[in-house]
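Next up: the structures, one after another.
Both of the next two complexes hold subunit A, though its partner changes from subunit B to subunit C.
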Partner chain A sequence: MSETTSKSIREDLTQRDELSLYTRIANNPRPFFKWAVPMLVLIAVEFPTYAGVAFGMLDAVVIGVTGLLDAAIGLVSSGLSQTIRDAQYAVVGVLRDAGGFVDGLPTLFSREVIPNQGYQTGPNGPWEGTFLGLEPAYAWALRATLIFAYALFTAYWVFRGWLVYRDHYREADWTPTDDIVDNLSNHQWGKFGIFVLILFLTMAVFGSALGPTTVEQNIQSPYSERINYFNEDTGEVDQVFPGDANFNSKSKGSAEFNVGPMSYDDYGRFHPFGTLTNGRDLFTFMMGGARITMIVSALAIGGAALIAAVFSMFSAYYSGRVDLTILTTADGVVSIPRLLLLILVSAVFANHWIGNVLNGGFLLAIIFAFTTWPFLWRAVRGPALQVAQEEWILAAKSYGQQPRTIMRKHMFPYIVGYLLVYASMSTGGIIIGLAALSFLGNGLGISPPTPAWGRAISMGQDYVSGPSWHISLLPGLMIVLLVTGLNALGDGIRDAIDPEAGGSAEGEEAAAGGGG
Partner chain B sequence: MNRGLYLIKRLLLAVPVMLFGLTLSFLILYLGPIDPVGTILGRQATPEDIRQLRIQLNIIYPNGEPVPLWDQYLRVMWDLFTLEFGQSWTVQRQTPVIDLIVGRMPATIWLGFWSVLIALFVGIPLGLYAGLRANTYRDYFASGFGIIWRAMPNFWLAVILAGLITAGGALDWYKDFIVTTTVTGTPDVLNNLFTLYHVFEGIPLLEALAIPVPNLIPMAIAFKWILPAALVLGSSSMGNEVRIGRTAVLESINSKYVDTAKSKGVSGRKIIYKHVGRNAIIPLLPVIMGEFYLLIGGSVLVEQVFGINGLGNLFFRSILGPDIPLVMALVFIFVIIQVTVNIVQDLLYTYIDPRISLEDTQ
Partner chain C sequence: MSKTTSRPQSAAQGDEVLVDVTDLKKFYGGEGFFAGPPVKAVNGVDFTIKRGETLGLVGESGCGKSTLGRTLLQLETPTEGSITFDGTDVTTLSGSDLKEWRRNAQMVFQDPESSLNDRMTVGEIIREPLDAHDWKTKQERRERVLDLLSAVGLRDEHYFRYPHQFSGGQRQRVGIARALALEPEFLVLDEPVSALDVSVQAKIISLLEDLQEEFNLTYLFIAHDLSVVRHICDRVAVMYLGKIMELGETEELFQDPSNPYTKSLISAIPRPDPTDTTRRITLPGTPPSPRDAPEGCPFATRCPAKIRPEEYTHLDEDVWDGIERFREVIRERSRMDLGVTGLARRGVGRFSRFDDLEEAVSDLFEGVDVPEEVRVHIEQAVEYAKKGYPSKAREYLYEEFSSVCDREKPKFYETSGTARYSYCHRHANEYEDVDPVISRRTSDE
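On to the complex of A and B.
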């Protein structure tokens, strides 16, 4: 069948010309511009933040991937590996320069626009340096609220973009995706999951603006610049290094050494979640931890889902010996409990260069991807087997379509929904596993001083019952909230794909949150 | 295909699975940046000591040539499969690995036993209850518990629970409840749970057999000690059981065979036991079996927090050592447990649900 006849049949059936998306927009530009202009504004006001996150992630991936390539090729030819290393330096240099440049650009909801760090000029005097002279707590709350509102609205606007496309520019009047989206938007539990996910993604992206102070100033280099504060003993405004102020703001479980949630320390610094045992701000710490957690789990679940999708389609399409080989490999991977393998690898490679990419997160992401795909594969293999027996696959085969094209065009769209369900549920396990490693410490997990949720829990271990209860409790509650949200999202997508099946149990134990 | 053949086939398939796991661990430990000689001898070792140790560890031949990796690999595998685990490097130098493992086993078995049992006896009834009372407030309450249990990290729950039980916490009373016990550490009663009675004394051959009789008071004390840790370790499985149990009941309660049984006039109680309950177990089976998987990994964390001297704790210490013989031996044991559990699960499937054909479960 030639290209032209197939096109004319299509036109006959749909009574439409096949126009490119660009032409369709050019024919009716109004709805597009009504959506695109606000979208551009939304992106522009926070562009440096997004660009910074993108450059940071690219940087880590480039270092990690070229490093692995280098190690692999170095076994064969040292000349080629030198070339790779040169390329790595060049690319990373460019990325770092670009990252440094966008870092200097202003954003709308930055701490410079709505500052919350200031000092009092007298015992009960007005605040200097904060937004409109507000108390730091209110200035911080205002900024945090604005950022969350902005993020939620931006997320809605992106969704709205899809609606505009559907209503004005899509050729088909209806596709199965419409039903899934409609079902999901009537699913309260699923919507709760989406909300939680957006909340934590916001923390990951806008973390440095959300905290009452920054990771750099409070945690990574607390002795580089002094801050002003009102000294009650002398009655004057003094200067102090954040590091020294931290030293006197420790939460150590006794009444005199404790800075609890929603309170100020002696240096006029507001701590929404209180301070850690070393006097650092827990909320800032959690925001820093959110970023590394979300990056590692996104890399891990993305890798795992990719492997699982390819393998499940191979299993279903070729079956027989290919299926058996994949099954044995999957069982082999699963035969070592995941946490043990993680502990093993991250302990052995603690001082190796690969253990330092992304503060240890890159290696962990690889291991998580490597240990998670068997569960996803098991869960998606069933649907893939089903679709492989459909008539349209047979038809495509008999037309001589390439296996690769059949899998991509005819099988993948069918399994992608199931993949999303189980990926969403498995991410909870990854997040818990990551926190568990950081909790164990001893060189495992994310390397200090980069914040990690598990480390905060481990710090507060001895102070659970006492005034410093917040150190262990709050980070744990945040993990519970995020994991519950991801499970809810998985439930929601599953019900949306297949409202009839009230939740099939198969493969769900794989998604179990716990284990860590 | 009959069951015997199927079992043989499963066992044959288990060999590459086990080899995969063990080979992976071998490669990580032997190709990774671990310096065994430096770990064992420290920095002040003489070159002669180093040479001797290298020969002893099968890194070089006595003539100074390095031993190729595949040769080391074959030797390590051979030793593992013939149960020659060797001596510990750093955790307790010169102690046979097998002694260390046997010494740590009771605590972990005790912990695992109760965490599985508690999860089963709380999780499944709660799930079935929620399913039978679907969409009532009681259901929401039970399912809500399930949802939160699933999402709670074991180590965090352990930290909070251990913190509440220690002095000054809200659960302070637990320590002196009925009998005073510790809640952290490993009590001695653990070695005193059973008394062995040699009832066949004087009869040849049978003499060696002894019947273990549980000692009730040490058992009670040990149970009270392990309860918080077992609750934590079983928590995520408990959540899964509530959830899967609920959906399983909902699915089978609306099925045609239940309608048939109702129309025949079978009593409600009998329907629940014979028709609903039995079919609800099928989807629960992988969850119950999955508990073992969660248990082995989870025991590292829970034993760490509660200070229990078990296998999980031993594994953690051996990896930090690094104590390669001990790590390999423990991985070997864990892999065997995991593979066995998988085979048992597949066999149980074919018994519980004959519709699942033996070919399908491959």
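On to the complex of A and C.
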């Protein structure tokens, strides 16, 4: 039996042009299609949403990068920076057109398919304009539940795709990654972290469909279109601007001026989290804030992790002077007070258009990345130094492997786990930092009227002990939940890559051990 | 018997020399103003390796044998000296020339746990050298990997396994396959079997022998296990504190070692013969720090056949032993860092850290009748050290008791007709030979 298998391995390896995944799938397509067809359906029903998110991010990246180039090159040659700006307008124009186009496409879980905004035709009359004539609260709850269920199932199905690959198409019957995944799937606390992360990513991606109303209609331009409502005084259906409706739905801390969680205002609008002090819908506000928070913190932590990974490998591989230079630089960066730097940069770029990319979030992401990388670098440098001492690095040098390849193939796989652990834990700090800036306001943080979590907390701080407690508390709890979830995820990954580290205190020591 | 040379030559003419090492030195540290003395890991080494032979390199741990192996492969930059490989001086190579040369010389590492990257499959590990050198096409690389797997006794299906799934012996086979991937002529085997079980050791050794025959390889076999060396090597070099002490044909060197260090090393091999009467030579103390190597012969501090100065030849063995041990103690003290407090106390004459020296002296000379001429010097040295000047005590003892072994570096003496070289003053005509000295001195014990 081993005779035949070994023969076929040799044939596989030497006679086929490429040992590609494609050939392996072609040989045994059933499991792949059983996974891929549902996956395609899952993507297709919400494709415009994903495309919109992708275009939006591309848009921000293009503006951000060209903006930085423009600012840098503008110092040298103004002609060249004009060219860059022209290119930027062209690209962004195309992206916005494409974004506008996909925005018009229908999606399955949209407010058009399951509408929740309607009006009553009489004092106890049926609801007009809502899904199947349901009450707005139920229509909204149905849509939100469906979206969360859809998102969780899609996430599971993506993971399932990896399982299909592992069981049917991977050449190795076992890899070290399998152990990590198995450990993580037995780690309840870590799974909680993943669950929370998926929850908040869902809010970021499907935010506009999740809210009972839209940021556009309720917050950004509330005086552009009227809405219908049942006027109890006149007993007729009237029209009103959402802005005027907001004005009469404020939560101001007294019994008569309060729209609490899970209640309707006088205009038949349902507010799952109640309203803000200016009468806007808190849940819609939070969903809008989720997207900007997730994008900015992802950019910041991604940038910081990238710098930390590259620098820690340089430190460990070259050591000596290179390490000392990075060490000094990192210490220098750490010595700058973060808040002061944020205030300074916000002031300097207050009227520059780069300060408006992502409503000011891009600049914040850069500053957070710049101030966070030294911590990640310190944490990962230890493990990197450890790997650099392994003999396989020496072996790779002995057959003349390039330093770049040595770092990528022989060092990076060993530090990426630690990087994930520390990155997920540091993200909590960045999210709190972002919220703190918005809380302070005065030109700091995300610029209004774009929703930001910290601003909601700041608005409600005078009413914490009254009927309008929800304004500060609910956003606060959401931040706590997200940060706890990220820490849980970090814990889970740490235990998964190093199961021997065991309990929490010990584990932390083991993971941080090399950091010094 | 005492033909001296500055360096050993290859005796058997007609054998082509593949590797020629001349006065190779590798020091660590010691640069910059505040740095202490450098660690002299390899301190002037000469030897040649002929094509197709296996040269063994033995020595206790820390004597610099692994550093020597790594320096030969340009994994460390030599401080001084040259390494000629097939006619080219490889110490001058750099960039793409060096990379190209690396195909010729590869290494098998000691620890199979650490020498294979656990995140890569065995196929990827063995293929990596080929990828790094862009060797032929992808299919041919895979074919080559499979050939190598079978050459080292592994099977095709191991291609997609991870090192985790293998035993130590199998992992070492993978390491050997990787080293062979680029068809090198020369392999440095850095203790390739010392991390393995004894039963597996034999298999790996015979695999190495088969491969050598099949691919016409030249080996530098680094080891501390003398029996393995005796089995596999054609010639053996014995290393001590960065120096080669003796070099010669394996069997001859094991049967009749010339150098006192080799003698003591070989006397330590357990013998299964109960009637055997060969005395085991036990060396006193530990090897000196490679930061502070003796200025003459590196083995001078522990040598059982050390030459004594003219004026003290009449002393008893016990007295002389005591003197040597006392010098060792003083050397230790002189390497100690006194610290700021120590220096301050010395400045005001209240230094007391070395007050235990008198006790040490009485221990060392316990039951020994120390003649007056020796006693005064010992006491003077103790006095210096107690005042906080151990270096001065060391100088003083050096002036008084040093012999040619302490003062001058020996030469390589050819000690037999078959190209055997030994690094010892005793081979010079004016001194008594090693054997009678050792047997006389050890018999008294």
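Here is the rule we go by: the second predicted complex is superposed on the first by the 483 of 516 C-alpha atoms of A that agree within 3 Å, B and C clash if a C-alpha of one lies under 4 Å from a C-alpha of the other, contacts with A are read in each partner's own complex, and residues count from 1 in each chain.
The definition used in the following text is that a contact is a pair of C-beta atoms (placed from the backbone, for glycine too) under 8 Å apart; a residue touches a chain by one contact, two chains touch by 3 or more.
The structure displayed is predicted, hence computed values, not measured ones.
Participant: Name the contact category of A:409: first (subunit B only), second (subunit C only), both, or neither.
Facilitator: A:409 sits against subunit C, while subunit B stays out of touch.
Participant: Which partner does A:337 contact after superposing on A: first (subunit B), second (subunit C), both, neither?
Facilitator: After superposing on A, A:337 lies in contact with subunit B but is clear of subunit C.
Participant: Applying the touch criterion given at the start, work out whether A:20 contacts subunit B, subunit C, both or neither, answering first, second, both or neither.
Facilitator: The answer is neither, since A:20 touches no partner chain.
Participant: Using the superposition on chain A described above, determine whether A:479 touches subunit B (first), subunit C (second), both, or neither.
Facilitator: After superposition on chain A, A:479 lies in contact with subunit B alone.
Participant: Is the number of subunit A residues in contact higher for subunit B or for subunit C?
Facilitator: Counting contacted residues of subunit A, the larger count belongs to B.
Participant: Can A:396 be said to touch subunit B (first), subunit C (second), both, or neither?
Facilitator: Only subunit C is touched by A:396; subunit B is not.
Participant: Is A:329 touching the first partner subunit B, the second partner subunit C, both, or neither of them?
Facilitator: After superposing on A, A:329 lies in contact with subunit B but is clear of subunit C.
Participant: For A:124, decide between first (touching subunit B), second (touching subunit C), both and neither.
Facilitator: neither
Participant: Flag every residue of subunit B that touches subunit A in the complex, lowest number first.
Facilitator: It is residues 13, 16-21, 24-25, 28-29, 32-34, 147-157, 159-160, 162-164, 166-170, 172, 235-237, 239-240, 243-244, 247-248, 250-251, 283-284, 286-287, 290, 293-294, 296-298, 300-301, 304-305, 315-316, 319-320, 322, 327, 331, 334-335, 338-339, 342, 362 of subunit B that touch subunit A.
Participant: List the residues on subunit A that touch subunit C in their complex, please.
Facilitator: 2, 5-7, 9-10, 13-19, 171-176, 390-392, 394-402, 405, 409-410, 413-414
Participant: Within the complex, which stretch of subunit A touches subunit B?
Facilitator: Against subunit B, subunit A makes touches at 324, 327-329, 331-341, 343-345, 347-349, 351-352, 428, 432, 435-436, 439-440, 442, 454, 457-458, 460-466, 472-473, 475-476, 479-481, 483-484, 487, 502-506, 508-510, 512-516.
Participant: Tell me, which parts of subunit C touch subunit A in their complex?
Facilitator: Listed in rising order, the residues are 70, 73, 75, 98-100, 102-103, 106-107, 109-111, 114-121, 128-129, 132-133, 138-139, 142-143, 145-146, 155-157, 159-162, 164-165, 175, 178, 181-182.
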